[in-house]
Structure formats: structure tokens, C-alpha cells
Amino acid sequence: MAILVNEKTKAMIQGITGRQGAFHATRMAGYGTRLVAGTSPGRAGAEVDGIPVYDTVEDCVTKHGANVSALMVPAPFVHDAAFEAIAAGIEILVIITEHVPVHDAMDIMAYAEDRDTRVIGPNTFGVIAPGQCKVGIMPERVYRRGPVGLVSRSGTLSYEIAAALGESEIGISTAVGIGGDMVVGEGFVDLLRAFEHDAETECVVLVGEIGGTAEEEAAEFIKTMTKPVVAYIAGKSAPPGRRMGHAGAIVERGRGTYEAKRAALDEGGARVADFPWDVPDLVASCLKD
Amino acid sequence: MCPGSDYLKLYEYMAKETFARYGIPVPAGSVVESAEEAEQVAGSLGGPVALKSQVLSGGRGKAGGIQFAPDPAAARKAAAELLGSTIQGLVVDRLLVEEQLFIEHELYLGLIIDPSTRGPLIIASRKGGVDIEEVPGRDIVRERVDVRWGLFPYQVRSITSRMGISGRMARQFGGIAMSLYRLFRGEDAVLTEINPLAATTNGLVAADGRLTMDDDSAYRHPEVPDTHQRTEIEEKIAGLGLSYVPLDGRVAIMANGAGATMATMDILEHFGSRAMNFLDVGGGASGEKMTEALKTLAGTDPDVILINVFGGITRCDEVAESTREVYQSGALRGIPLVVRLVGTNEEEGREILREAGISAHHELLGAAREAAALGGGTATGGDGDGDTSQ
Amino acid sequence: MCPGSDYLKLYEYMAKETFARYGIPVPAGSVVESAEEAEQVAGSLGGPVALKSQVLSGGRGKAGGIQFAPDPAAARKAAAELLGSTIQGLVVDRLLVEEQLFIEHELYLGLIIDPSTRGPLIIASRKGGVDIEEVPGRDIVRERVDVRWGLFPYQVRSITSRMGISGRMARQFGGIAMSLYRLFRGEDAVLTEINPLAATTNGLVAADGRLTMDDDSAYRHPEVPDTHQRTEIEEKIAGLGLSYVPLDGRVAIMANGAGATMATMDILEHFGSRAMNFLDVGGGASGEKMTEALKTLAGTDPDVILINVFGGITRCDEVAESTREVYQSGALRGIPLVVRLVGTNEEEGREILREAGISAHHELLGAAREAAALGGGTATGGDGDGDTSQ
Amino acid sequence: MAILVNEKTKAMIQGITGRQGAFHATRMAGYGTRLVAGTSPGRAGAEVDGIPVYDTVEDCVTKHGANVSALMVPAPFVHDAAFEAIAAGIEILVIITEHVPVHDAMDIMAYAEDRDTRVIGPNTFGVIAPGQCKVGIMPERVYRRGPVGLVSRSGTLSYEIAAALGESEIGISTAVGIGGDMVVGEGFVDLLRAFEHDAETECVVLVGEIGGTAEEEAAEFIKTMTKPVVAYIAGKSAPPGRRMGHAGAIVERGRGTYEAKRAALDEGGARVADFPWDVPDLVASCLKD
């Protein structure tokens, strides 16, 4: 089994008739994802590559049993679309759209919490269970199926690592992008926990970045995990990010730098790679253990 | 979080205008652009004034950017000195001329988004006037706010009780906190601070303030001016909708994805070189934009340009076309080009480059090593895993 | 819910002013108080007009309270007829003079508080222009709104889709629904209706509207005028902060608690008599207020006054004091008084009454029977359980 | 056992230094209620009849374990005080205050639902488990302890009925006022369900009024109950209440009148009393059954 999505997932796309939505509908369906429907208000009755289009998410849920939605509407419409999906009972909402106002993201996460909806993103490449289901915009050919869970804040870097793993003939159970924004739904800890409980996953790769405290919180959780974790953190050489003033430092409390993240992950028991290309060897040694 | 993420910091005088709009007391004053205006404003304020340089950097006070004047003539003189001076490389072209406050006590009040709890966090202290991160933890009061319902008076009472303030000061602090939360939500702020929140004989006044907006919400606030201070190059690349930050090395970088761009910078540094910029063309930028961005990079006169693309949405053939166009246009004027190109439409891209006489690496390691060697690095650091794909 | 509960209904022209403030399209027009003004307004509107009597009762159209005039002279004539006329006993002293609409289709949109779900409920129909309760259920669309988050565009799209409207009309309807919800919450409404929401060649217009406010929120809306239409007596008792409703019987009642007051009325009716009023002095009204209320009741010239108090917060001694004071003041001018008094400080109260020569019942049954007999009733109905406590 | 409150209840009063609050603090404590604390912002450290006063509900909860709060602050402050109590973890919030704006009541009920707090009122006389615990403003001497649950929309009328039961030597397990406002917390159905599950309660008396549909909804629930219900409805002779316009009729759908309520209760299997003084006999016959 994968986490979040699998071959039984009934996926839909909000904004399926848009440029992005239509393009990725074809690619997701082509990958074998059970893409059952899509929405585009005012376009009910249309089809995109044979996939039926409705006005409302509720129609997609009641008529096709959609339980996972990839949200691809422009940023100003994400708030409304996300609430619609959550109210309609979507279980996993994958918000691909970038540049979502952060106050909208806070609202969405609060409502999702009320309704027990899991949100991935915003500003994520999505989630893929290789060979089973792709709900996102990642280059699917880099993913080979196997025992490694992959969770990342950044897109391209995780594609790079997935490809490197694949070249070493190491496959992936599920790859998830948590999203690059200040406020996102499922975080590293939530997904590490899911991988910890996933029978197929034997080892987890965490791809982080400087800034924020998500990696430090992950490091705390890794202490409690039975499965090995390999981490890579980008930004060692970057100048201090544009920090959120002194109050931001209060929230970070000295965390957020490369050094702090690295130290926390080391202490948490993760094996930290110096370079992306070191990840496959570290994973291979974990899988051998 | 990464160097490319962008927030819109407002000048002090804009922050205070916004505070006033939400009913938060601020000192009487006006922003001026000349010594004459400063004199006039000081005259109409009718008392000693403070003249505060309007620059978006910290440490303004220590750098001499704030002066006091007992009368309009002195204000004119001080303004003449401040205007045109530079603070941390930023030219002072505006001053905020305000009534000078006589402060009995300084408090702190801030609101920020806490990524861990995915909601607003109030930070307050009875020890204001210094950087809040220098205040001991026991003197800092935190309170989460539920975005479903907003800030409640009972929470404010709890904050002031924990701060150890009471009576009229606590009530006024509470009112200001309620207003600041409304501002935070209403203006799509990611950070706002009042520091110091000054206790004067006339009650609490926002003596200095900071307001940082969420760029992604700018469309909801057309009235907010764009205060980003950009160089000509930054302006040009920002105009293309791409993320660009100038850095201090000699290797110009164009990569896709913020994380991947940072990783490229890290590897260059490992090989003893440094990136000259952060430029992320990810997210499906068009060929024309990449062409423009590359030409602009060439204009910054780097030792070498390193293109690192792992194609996902970004298509290798489009990257290759842009690269060829810039290469053949002569815009590089001999600047060496190192390309690493894999991913979507890789074969087509390599063919285009091959025809133009440009060789491309498969592996990041080899590309970074070559670029670092050309960009002042040692090209020997690291673990010695050679790149044999070339 | 009970006769004493009170809501503040606004006149049509006030409702429309509020609609306009929230961006909801309303017909051009003005409220007038004279035929001259009506002529002027009609002249400035420059076309056929509607003249609508401003009274707080339904069935205004059927009663002839709305007239149309093709030109200013006709408007003057119509206004002269309408002003001063009465509709269901209410004198018409104001007219709303509006551009006459040419309506292609009539929709309905309403917002109400649903006690069952404890939240706002939107009611919409493509069949407007008639009382919504006469529209078949299948043509009525309902949508609950979550007060935590408010009304969402996706909900509005669902409403219009279920209503069977689309395109420009649906989009405009959606905008109006969003505005009406903001009004509902912002103005503390308990009910608001736009009926008909008229489709004209210029789009949707709120042709008629209703807006009922929550009296308990009046302190938040000092700008809203008190539109309660009260008689002098109602005004007097409302001024005491007590609940009073005039009824059509001959027995004046003063009781404590709305439910107990209604029960008293029911029992009187059972004995063939009827209450002359509903007056609830519950909730700890002071002795002075009860005295004033009793004197006011005496002024309405009833056949008998029945006081029914089961003392909880209301103290029997205070009731007795008030009763004695009114009794001894001569204000009753011979009107018989029947008192039932039990509960808190009962003994003290009975003692006070005894000294004044007033006997008091223990049981409601006996008191009601006596009052009913004096107030035109048969005093024989019911189950024949006699009251033997006297 | 009683429902809602009992001798273990740790009660507090919000607004304990107010005229009402202080008066009822004395009476509640005098009745034997475990009144552990009260709040009055800015008055922390004071005492009311020996009961400690705090600035915040949180203090009452953490320092004294308060789990039921009687809210007696003026109407404009009820919204804030209710949210404070709910956020602090109060389990049962009894809002005595009348004239609470109905939009505030809607907010409070939504928040209470989110946090699983049970709200009684607003505009209620409160709740009393005779001989054990009184959280409210009812005249306590009319209540005798026994097997009858009493739930009412109106205050005085329920005191009258409680007294009549007492004179017939019939006691009460718990008496609750649901509150007279358009929007209240626990309704008839919620409390009937609680009495149905309460071992001590053998019969329930429901005191209703014309208007709204609460009695009709109760009648539906009574059909499913094993315990007998006696009902009395006030307002048979009243003119139609000031109705909420035609839209109100849509919500009521022909319900709300005396006749409709009586018919529903009859059909639901309740024994409906014509007069308050008939209630004891009907209850007595139920208890004999």
C-alpha cells in the first residue's frame, strides 16, 4: 500500500477546463490514475479527454465517488474552491496552485481541521504512488515503484532525488510535496507518521530547505520512528532568507538555519546527505540494515 | 522561506498611516522630502520633533538615521543632513517628521503567522523598545488566535494579565491589540509590530511600527504601493515574473525550482566558488522569459553562467532553444556557459544544443565542478566522485 | 415567539436604503410626506412612477396602497389620495415614490434564522412576487450558512443551479445573495427578504424588500430608528422595560413570566372570558415599575384586574406593596381586583395585602374563575376542580 | 443520578461580583452547590461570600476544576464570556442572561459545537438537581427530589408545575430551562434523550409554548422513548405571535401553533395536560404504570 493515494483512489480536478487543469488531466489519466471527474463552474456537461465536467464538487462526489481532488484554479479562487471541496467531503485535497494568499491558506487549514480533510499544499507538485496513482504535476517517468517514502518541500529537487534513486534501482512507495508556502496542510511530521504506519514503506527520504522549523519538528518525530530516515537540506550556502523581522526569530527561536536543521536531524537519528547524489547510497545502506 | 520568497515591507510612515486607519494612536506627523517641508511640518506641530529616515533596514537609530530638533529651524538643519545620506547602502529620500514623544515606559506588541500552528500568533511584552528576540523568554507573552473567530477580549485580558499590566494601560493595550488583529487580517499582513508601544502621559502611542504584507495578496490591495527596492537587473527579472536575488559570487546561475537552485548554490560553494545570484525559472516559464533572463544574467558580467535544469514542467527543448538563441546572439561576449540538462524532452534539447555547438552535462556534479573551476573555485572539494558522463 | 417577543420591522424605504448601502440594486426613488414632494420626485425621476404606502402590514397592494402614475401631475394626485388614508388601521403618512419597473420575471431571495439548526438559512425561488409560503416546496431552494465562515460563492452557484437560473442572471443573483448575507450579519437582522427580486432589462432589482432587526442588538445600531408603532399605553409600558401587548378581552392581566402570562390567558378563556392584554412583569421588575404598570392597566378601563404572581426572583412583598399603593391611591376607581400570590416572601406579601383589606388566592384556578366571572365569563367551564383555599 | 449537574459538579459564576451574580452566588452556595469560583475581570483576588474571584475562566478551571459555569454578565458581554468559557474547557455553560443578540447566540452555539460544550440558554433560569446542585436563578424551595425530569421553555410556569408536583409529593430528578430565545443550545430533544438515559428519571414533564417548532421536534423524539412524557403547552388562547414574515412560515411549515403542537405531542404519545394543575395527576398515573 502507498500512503494518501493508491489504485483505488477516485481522483478529480477542480479547474479541469483550465490550461493547467486540462493538460494535467490528460497526463494523470494517461498514467492510470482513476480520474473520475472534474469541475468548471458553468461548464457542466462538457468533457475533457472523456472525463465528465460538473459545476460542483458535490456532483463529482455523489455521482462518481471522488475522494481526492487536485485543485488547479487560479490563486484568487482557491479559497472558495477549497471550502467547496472540504464541505463536499473530499478526503484529501491537493492544492497545486501557487501564490495562494497566506491568510486564505490559514482559513482553509482551519476548515479542513474541522472536517477532518487532509490538505496537501498549497504550492505543491502533488502526490504520486508510482504505478498506481498520480495526483499532481510531477514528471511521472522519474518514479519507480519500491519501498522508499519521499517527502519534500521542493519540487525539482525531489524529482532529482527520485530520479537518482531510480537510477540506483531503488523505487518509491509514495512521493509527496508538502508545498513551499509558509502555511501548508500536512507537514513533514504528519507524513512521516503515515510512512511509519505504511507496510510497504521501509525507509523515508526527507528533502528540506532552510527557513521555518518544519525540519526541526520532523527531527523530533524521527526519534520516535522505527524506520530509517535519510534527509537532504538545501540552502547551506544561501544568505539568511528574508526573515520575518525579529518576531519571526521569536517563532523560530534560533532554528531555521542550515546548521540548526542539520544538527537537529543528526540528533534525531536521520542520516543526512551532503549532496543530492549521496541520497541513493544512504538509502541503499538503510535498506540493507 | 528561501531567498526567492518575497514579502512587501512597508515604510514606517506607511505602517503608521495604516495603524491610524485602524484606530491605533500614532504620533502626530508627516512624511517630507525636503528640508523646507521638514521646517514647515515642525512649525505646524509646534514643539520639539523627531526626524526619522524612511529606509527599509534595521539599525537606523544606531546609524544616525534619527535626529531630534527643538524648533523648526533646527528641524530644517537636521533634515538637510539626513536627506541624501545613506543607511546600509540605501539612500534616504524621505523623512518622517513627528512630534517628539516623552516616553515613560515601552511595551511591545507584534502579530505574526506561525507556520507550526498554521495561524496567527500574538507576541507581547512589557519590555519593548529593544529587538524582541533580545527579550528573555519569561518576559514574552504569546497567544494564538483562531482565524475562525478572531481575537476575543478575554484573550486580550489574559495577555495583559500575563504581561503584568493593568488598569487604563491594560484596557488601552487591549483595544490596540484588537485593532492590530483586524489590521493583520484585513490588510493581509504576514507580520506587524509596534515597537515601542510607548506609554506617554497621553496614553499608549505606536512610536515605531513595522508592517509586512503578503505579496500574494497584493491583488486585493491595489492601494498599497510597491515598496520593493530593486536594482535595474532585479526590476528587469521581476518584470518577467521570475524569482531573482543578487548574491556575492562570480557564477551566474539559472536553475528551475527554488530548492534545486539553492542546492546548485550549495554545490558551487562546496567546490570553492560562489553563486552570483539566485534565479529560479521553474514553474513552466516560457522560452522567451528564459531568453530574456539569460541575456540579463550575461549583462551582470559573471565569470561563467551555469544552467541547471531538471525538466519537469520545464521542457529541456525550450531551455535549449533559449540557450542557443542567447549563445548565437553574441550576448554572452565570451562568457563561458556550462549546461546541465536532463528531464522532459531531454533528447530534443540536447540535439538543439549539439547543433549550436554547446555540450551539456548529464550530472549536476560535473557541471558544478566545471562552473566552479571557471568561477574562481578549486574544483577539487567534495567527495571526489567524478562525473564521467561527458 | 410569545406575544411579548419583539422584533423591529423596518419600513420598505428603510430596508431599501440598507440594501443600497450593501450594494444591492434598488429602484431609483425617494420617500415623501406630501403630494407636492411626490410631484417633485416624479419630475426628477422623469418617467412613470410607482407610489407605495409605507406601512408595516402585509396586503398593502390588495388594499390599494400602491398606485402608478405616468407623469408628475398624476403622481401628485395619487399621492394626495394615498396620504392620510388607512391600511389595516394604520395611517399612511409616508410614500415611497419610485421609478416604475418593467418586470420580465420575478425571483425570491430571503434570509432567516432557523431555530432548528441554530443558524442562518437562505431561501430562494425562481417563483417570486407572491408570498413565498404559497410557492410549492419543489420550487423552493434552501441553503444553510455556516456562521463560522459565511456564505461562499460555491454555495451561491449551487443555489442558482438548483433554482434553474444561469448566465448573467445567476451571476447577478449570486452577488446579491452575498451582499444580503453580509447585511444580515452586519445589521443583526432576524429576517430579510427581497420579493420580488425583479428581472428587468437593466438586470435584477430589489423591487420590494423586508428587513426585520433583532431588538436585542439595537445597542449596536444606534442609527436604526425605532419603528415600533405603539399606542400611548404601549409606549408607557414599553418605557418601563416591560412586555405588553393589547388584546381584545375585558380582563386586564399582570403576571410574571411570558409562559405563565400566556397560561393565565388560556385559563381565562377556558372560563369564557378573555384577557385585555399580555403584561409580563417577570425578571425582577422593581416595585415602582409594577406600580406604574398597574396604574396604566387601570387606565385602560377593564372590567377587572387579575394579578397572578408565582414569586421566584419576583418578590411577593414587592408585588403586594405595589398593589396596596395602587389600591389605596384610588387609581382603580372601583375596578375589582383579583390577586393570586404565592412564592418568594409570600407571607410578608399576604400580610401587606391583608392590612390593606385585599384578599389573595393561593391557587390560580380560583383566581382565574373569579376574574373570569367579573370579566364577562361563565366561570363554570373546565373540569370543575374547585378552589377551596379561600 | 441527575442529568447535567449533580453533587460532584464544580460550578462557577461568570460575573460573580455583579448585582445578579453576587446575589445568586450566595443562594447557590447556600443550597449546597459546590460553587468553587467566579470571574470578574480586574477583580482577581476578591471574594464573594468566601468564594474566590478570578480574572479568567481559565484560572477557575485550572485552580478549582470548575466544569459548569453560570453566565450572568450583561448581554453585550455574553459573546466574549461564552467563548472564554468554551475555550477554557467548561463542559456545561448555563447562560442566564436575557436579551442576548441572536447573532451572538448563533456564534456561541457554533463554537460550542466545535468544542463539545453543552450550552443551556441563553435566557434560561438554569438547571437544578434538587438537593444536589443548583446552577441558576430558580426558587429552589419549590423543588423536591424524585423521579421526574422537568424541561421547560419558560421559567415561572415551570416553577408553578414543580411546586404543584411537590404538593402532590412528586419529586424531580433534574429541572432544566432550555431558554426562551430563538436560538438556544440544548433543546427539548437533547434533554429528553438525557432523561431517557438517566437511571433515576422515570417520567419526563415537558413545558412548552406556542411558536417555533421545538415541541413538534420533541414529539417526534418522544415516539422513540421508553419513558412516559407529560406535556403542557402555554398559549392556546394567544393571538398568532409576531411571526417572522412569510419566510418564517417556510421554516415552521404549518407548525408552531397550539393546535399543531398539541396534535404532534398526542401523536408522539405524550399525555398533554389542559392546565398546569392537571400535570401532577397525569404524572402520578404515569409513575403508577
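Labels for the chains are A, B, C and D, by order of writing; each one numbers its residues from 1.
Rule of thumb we're sticking to: a contact is a pair of C-beta atoms (placed from the backbone, for glycine too) under 8 Å apart; a residue touches a chain by one contact, two chains touch by 3 or more.
Since we're looking at a predicted model, the values are computed, not measured.
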{"item": "Distance between the centres, which are taken as Cα means, of chain D and chain A, whole angstrom", "value": "49"}
{"item": "Inter-centroid spacing, chain C versus chain B (mean Cα positions, whole Å)", "value": "58"}
{"item": "Centroid spacing, where centroids are CA-atom means, of chain A and chain B in whole angstrom", "value": "26"}
{"item": "Multi-partner residues of chain D (at least 2 other chains)", "value": "107, 114"}
{"item": "Overlap residues in chain B, where contacts from two or more other chains coincide", "value": "148-149"}
{"item": "Category of the chain touch graph - line, ring, star, complete, other", "value": "other"}
{"item": "In contact (per the touch rule at the top): chain pairs", "value": "A-B, A-C, B-C, B-D, C-D"}
{"item": "Complex contact set, residues of chain D against chain B", "value": "41-42, 44, 55-58, 80-81, 83-84, 87, 107, 111, 114"}
{"item": "Touch list for chain A against partner chain B, complex", "value": "75-76, 98-107, 109-110, 114, 125, 137-139, 142, 152-160, 163, 180, 182-184, 207, 209-214, 217, 234-239, 241-242, 244-251, 274-278"}
{"item": "Residue ranges of chain C touching chain D (in the complex, touch as defined)", "value": "1-3, 5-7, 110-116, 118-121, 123, 131-133, 140, 146-148, 185, 188, 190-191, 193, 210, 212, 214, 216-217, 219-220, 247, 255-260, 262-263, 265-270, 274-275, 278, 282-283, 310-313, 342-344, 363-365, 382-383, 385"}
{"item": "Complex interface listing, chain C residues touching chain B", "value": "148-149"}
{"item": "Footprint of chain A on chain C - complex, ascending", "value": "148-149, 152-154, 157-158, 161, 166"}
